[in-house]
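Going in written order, the chains are labelled A, B, C and D, and every chain counts its residues from 1.
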């Protein structure tokens, strides 16, 4: 555990979360959501939870994004809010 | 093998699901027998568990053999209440399964193996939640139950079923996550996940038990399970989700999913926090009873406005959940309210199962989805109508039926603890039930047999069904009605078993009537 | 209206949670209740895990051992959740059209024949050269890496779930680069649904074996006679590995099934 | 202000952020109109809970929860020499040197559950889009009102 790194990553995490919810273009929102997943994966690694980090890297930054993009391609790309 | 009964109850449907998934798509005729065998095995095992609990006492089973130190492995625990609930789940699931027998040529026949897989996995979740003794394990099993429910609801043919399923998914996930937050806070305060272990720690350290962390944990666990059981302000998802799903799965979900959530609440209060939280915080328990009263009122009022049979029954579920939550939080010294709630879980599972099976038969056999379609039912099919009448009478609470006895104990608890508002709501709701069901009885008994009754037009979503499957639909209904009656007539042994558990866990001395 | 309600609900929730945060043990405190337990109950399970995992199972990675052995019952249902997701997505989304069956069977065979053939949307053929070549290089590596993760879950981070996702991703990569038909030619639909079920069956079946040795469910130690290992510890280690294989099988297939259904709106034809 | 931050926020910084992210996610899950946005919110909400759990298991100066084999073998030898009893030397594995593995295990399960839910939810989104042609909740609810009585 490295406290300064922890704090910086967490602040980035909040920014990424806000952006992912704020963006109206769903494709960009999904991209930012993948960034969010990758950031949180870094946070797990930094906190010593390597197995969780590994899973989050494959799932949060990988599969979830792919599934969401697949859905967005098959539905609508614009969001009203 | 007999020493493994508690785990076999859960495993039988799991293996059944996997085997159906493996062979079912090759030969669809195999699905039903496999599923039936799996559930029958669960049924037999749960009888064994009940027998053991009734003769020997509570039964602990340590998965993986990790018995000591306590809390390292996962513990299963069967006691007087949840063994009975296991039996009730097995019975209701068997009835729903027999009802839902599919035939070739129906549309989406390719998906029918997967209907059985989801059905059995839902049973796995329900059995597992009931018997587990580990706070986190409950979460995983709640999610199995939830995911299968979303799938089953969305399999309905109405367009609205998909929207209902999506709303159910969002609410259900938030509810389960709240439960997870609560368990997290609890783990943060005591460092254990085993229910019995947490109980011991909280009893030994009053300063932890009274800390803000544990209080917040309780609040969030309760919020989570209340969302899952659709208590009053959080009830919006239930009527849509259950009334638009195919009746085969509604027969399983409507009677059981909410009841099992109620049981989780009772279990958490009972064997994690201790019933002290009810009596030591009279203000809060007063509030919970008020919420329960609100739930009863809301459910009854919504039911009065409905003209669709299934939706009306769904609204009644909300009211029934109010009975059980209120009864649990009455906090009377003799724990009669709690006893009533526990008995009502079983009774309500049986009567809701009976009523939903009847609604399914109405829809499939007579094409009747609304109240006015039922006119002349007694002359058209006296057995179905008779079974529905039994279920309705039980819901109203007419004496020899099981609904009467649970209400009797609930009211006794309310009188002893002085919750008059709850009594008024309970009686008022019974009155509403009486109005609702007698309205149906009137239509069904005195109404004209409609001219076009014989070759009825199948309503959207239910599909035409050949007559030869009628017996598969009617038999479970009749069995459910008979069980509703029997559970009422032979209520003594059931109540004694429940009382035994309550007395053992709360240390009340008096057991006299 | 809905937003206002949401805001109020969220603020109340947050306030309740923050109210309790002040009482939390300090972040990183090694002696907080979860890390070292409190008096009154039995010994803290996390300390027990750290001290005894190697003695009980000979598995250096404590997380793997706890996941698959001590709390294996949870993980069994976690795998069942994955299976449920796969089946539920099939039940919800899959469009089954009988009249198309012959045609789709034909296209599948065509897809099977060519290596990474572009069975659909030929308009962008020239981009496919780059993508297809990259894919041809990366996919075997990704699959090898996936197997490595599964097999190496004992001494290092990883295990059935992570490895399964990586393996599933390799199939998704094929689907993205060469069209879904090409990927489905390698892992057919009835095949992946069966494999998903088989994974859970392997897991539960290994657990069930110990019942025949008069031991509790998922007690891999009972298998020492069957596996011819020196002691119960190594039997547990092997049991964990077998279970991880089951998890990986289910996860691989379900991840691919999710993508295949979602990227074609349940028709399993065409692709993104 | 600085003093307050030092004593209140910094020791619990992870927990404060967890609450903030949880609020963001929950707000989106309930309040957003677009279904995909709801799902992004729901996923963020779930990761917030992961953050709560994993933060509990952190120990200052601790390493990842992998007991390397030399230390493990030392422990085996220790136990073989009847170590538990007299305890002349300390047990070779000091739990303070490793992060708490239990929250990690629990959260692995929770991540898996999260992705399973996401998959099912996205499938529902596509079916809803196929039926209604939109993913905006108010429009869907409007359309539902018009088909109220066709069942």
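In this text, a contact is a pair of C-beta atoms (placed from the backbone, for glycine too) under 8 Å apart; a residue touches a chain by one contact, two chains touch by 3 or more.
Model, not experiment: these values are computed from the prediction.
Asker: Consider the two chain pairs A-D and B-D; indicate the one with the greater count of contacting C-beta pairs.
Answerer: A-D
Asker: Let me have the rounded angstrom distance from the C-alpha centre of subunit B over to the C-alpha centre of subunit D, please.
Answerer: Centres of subunit B and subunit D (C-alpha means) sit 29 Å apart.
Asker: How many angstrom lie between the CA centroids of subunit A and subunit D, rounded to a whole number?
Answerer: 13
Asker: Report the inter-centroid distance (CA atoms only) between subunit A and subunit B in whole Å.
Answerer: The answer is 37 Å.
Asker: With chain centres defined as C-alpha means, what is the inter-centre distance between subunit C and subunit D in Å?
Answerer: Here subunit C and subunit D have centroids separated by 16 Å.
Asker: Quick check: what residues of subunit B touch more than one other chain, meaning two or more?
Answerer: Where subunit B meets two or more other chains at a single residue, that happens at 136, 140, 143, 147, 150-151, 154, 162, 165, 181, 187-188, 193.
Asker: Going by the contact rule already set, what residues in subunit A reach two or more other chains?
Answerer: Only 1, 3, 50-51, 55, 59, 63, 67, 70-71, 74 qualify.
Asker: Among the residues of subunit C, pick out those that touch two or more other chains and give their numbers.
Answerer: Counting only residues that touch two or more other chains, subunit C contributes 17, 22, 24, 28, 32, 34-36, 45-46, 49, 61, 63, 67, 71, 74, 78, 81, 84-85, 88, 92, 157, 161, 258, 262, 265.
Asker: Sort out which chains touch which and give me every pair.
Answerer: A-C, A-D, B-C, B-D, C-D
Asker: Mind listing the subunit B positions that touch subunit C in their complex?
Answerer: 1, 3-4, 7, 11, 14-15, 17-19, 21-22, 25-26, 61-66, 68-74, 108, 110-111, 114-115, 117-118, 121, 124, 128, 134, 136-137, 140-141, 143-144, 147-148, 150-152, 154-155, 162, 165, 181, 185, 187-194, 197-198, 200-205, 208, 211-213, 215-216, 219-220
Asker: State the interface residues of subunit B toward subunit D in the complex, per the touch definition above.
Answerer: 136, 139-140, 143, 146-147, 150-151, 154, 158-160, 162-163, 165-166, 169-170, 173-174, 177, 180-181, 184, 187-188, 193, 369, 459-461
Asker: Which residues of subunit C touch subunit B in the complex?
Answerer: 16-17, 19-20, 22-25, 32-46, 48-49, 69-74, 76-78, 80-81, 83-85, 87-88, 90-92, 94, 96, 190, 193-194, 196-198, 200-201, 204, 208, 211, 214-221
Asker: For subunit D, which residues count as touching subunit B in their complex?
Answerer: Interface residues on the subunit D side: 22, 26, 29-30, 35, 38, 42, 45-46, 49, 52-53, 56, 102-103, 106, 109-110, 113, 116-117, 120-121, 124-125, 127-128, 131-132, 140-141, 144, 147, 150-151.
Asker: Residue numbers of subunit D touching subunit A in their complex, please.
Answerer: Spelled out, the residues of subunit D in touch with subunit A are 10, 13-14, 17, 20-21, 24-25, 28, 32-34, 36-37, 39-41, 43-44, 47, 50-51, 54-55, 57-66, 99, 103-104, 107-108, 111-112, 114-115, 118-119, 122, 125-126, 129, 134-136.
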